[in-house]
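Okay, so subunit A shows up in both of these, paired with subunit B first and subunit C after.
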Partner chain A sequence: MKVLFFGKLKEITKKSEMEIKGIKDLSELKSFLYKKFPEIEREIFFIAVNQKICDGDTDLKEEDEIAFLPPISGG
Partner chain B sequence: MVLKDSFGREIDYIRISLTDRCNLRCFYCMPEEGVKLFKREEILSLEEIEFLINFFYKYFSIKKIRFTGGEPLLRRGFENLVIEIKKNIPEIDINITTNGILIKEKVNFLKEYGIKVNLSLDTLNREKFKKITGFDFLDEIIEGIDLCIKLKVPLKINTVMLKGINDEEIFDLIEFSREKELIVRFIEYMPLSGNDNWKKFFISKKEIMEKIKEKYNIFYQEKEKIAENYILYDDKKFVTKVGFISTITEPFCDFCSRLRITSDGKIVLCLFDKTGYDLKEFLRPRIREKKLFDFILKTVKLKPEGFVALKKTFFDKGENVESFFVMRKIGG
Partner chain C sequence: MRYLTYKKISDKLIKETVKKNNDKNTGSLIIFKGLVRKDFIDKKVFVKEIFYESYKKMAEKKIEEIVEDAMKKFDVKEIIVKHRIGRVKPGEVAFLVIVLSSHRKEGFLAIQFVIDEIKSKVPIWKKEILSNNKYRWKEEKYV
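Take a look at the complex of A and B:
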């Protein structure tokens, strides 16, 4: 699955995207990323799975695209 | 009691046209060459409008209304109407769809009475505005928008997308949305009365999304009754939120909870159903409440399934579909 980083998260991870395998759901993905990039845990962000904003936990498939998005402001 | 149609859809929202007059002549609604306007006595009086709103609230608990037109702010006595309604029904949710020209004169009132505004604006380009509407009022409208923002009057922008006219402004509109922190809703152009150029101007949500994706990352956020909202990001940050009202490609008839009343007092059950059901008969020379109640119950049961049912014919036949309705008498 593809993970995309935007804004501050991109600065922290120094990547705009990465390929990950074997992750079953969002919770697991977050744990994995927090271990790899501890600074992320402090940040506020939204998560979109296949270009749809998610709230709560979601099961993930190998072909999914998960985007970590900086906060919405205004609008 | 709950007012339901024969498909189980509940009516909780009344849209009332206050006038068929407008201070613009948008070519797709109110062309220059002339429109036949209602005579004064044909239009519902303010008292009659007030009565109907109270009636729908009393019998069917309907608390959400939208004033449309023509241009609703042109209706003399608009403020008094709102004041009286609010007195009777303090919790009423009043909305207005306006072209925004008269907002700067009314903005304090709109704020004081908690009126929420949808502003119809199809272009940010002054020359194009003149071309579409026949008038040079863009400055006044932007002034009105800024005043709403300053006073925190809830405001959304409704933009009818017209291929070859404002589709090239998609990024300008997004930038406007970002700068003003306002949501812009892209509306799919509907086939309207006296107008057979639908195919020429129609641009779909899909086409607009493709265009947006050239520059931004777009993520689906939420559904808001008839609009679907998306958030836009560039590489670094959140840009803005936009909406799509995809009447043609993604009809939302299943969720329709609205009843429309034209300025001359006819119920219109669906924008794609020309029939008007006359209410004045039960208001003049005097109000006949029981008969009106029965009539409304009966009429709502006639509400058709909607465009979603017509769509197959409409697209498959590809013919010039006969006009469904007259926008300026209903206000969309």
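Take a look at the complex of A and C:
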């Protein structure tokens, strides 16, 4: 699956995207990323799965695009 | 991209867009331009420019949804939206909304709705580049 980072989160991970395999749901993905980038856990963010905001846990498929989004500040 | 643009939002673009969409039955044309401000952080340091980052694929979909929603909710003829991404200097237009309608009341309601929805739901982020070459991310709205 493709994982995308934006704004401050991109600076923390030093990556705009990564390819991750073998993750079954959002909780597992978050745990994986918190271990790899502990600073993320202290940030406020939202998660979009295939461009839709996702509340709570959800199953993930290999072809999904998961985006980590900081609070919005457009306009 | 239909709504996001790296190019300057000029008055020429606004005029051409309005001309193309005006069917001569329009009684109200409302234009909102959101400009980048040269805000002072303290006595010496000010905002030199803003870098707009976006999750482009989602932002385009989200703006489309908001425009469709507004077209259903309000009696308006046309809604035009443009949002800059990349570097924008103070005084330049970062965000443009144009609403054409038969009557002004519905036009004003629609434009307020579209502005508020876009500012709070579309994945766009501002990074303020300061005159001392430091920067800070603006984090304002929570989805």
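Methods note: the second predicted complex is superposed on the first by the 72 of 75 C-alpha atoms of A that agree within 3 Å, B and C clash if a C-alpha of one lies under 4 Å from a C-alpha of the other, contacts with A are read in each partner's own complex, and residues count from 1 in each chain.
To be clear about the criterion, contacts are C-beta pairs under 8 Å (C-beta built on N, C-alpha and C of every residue); 3 or more make two chains touch, one makes a residue touch a chain.
All values reported here derive from a predicted model rather than from experimental measurement.
Of the two partner chains, subunit B and subunit C are each touched by A:69.
Contacts of A:26 after superposition on the shared chain: neither subunit B nor subunit C is touched.
Contacts of A:44 after superposition: subunit C is touched, whereas subunit B is not reached. Common to the subunit B and subunit C interfaces on subunit A are residues 6-7, 48, 51, 53, 67, 69-75. Every residue of subunit A that touches subunit B in the complex is listed here, in rising order: 6-7, 10, 16, 48, 51-53, 67, 69-75. For subunit B in complex with subunit A, the touching residues are 177-178, 181-183, 217-222, 231, 233, 235-238, 240-241. Against subunit C, the residues of subunit A that register as touching in their complex are 4, 6-8, 44, 46, 48, 51, 53, 67, 69-75. Those residues of subunit C that touch subunit A in the complex are listed here as 34, 52-55, 57-58, 61-62, 83, 94-95, 115, 118-127, 137-143.
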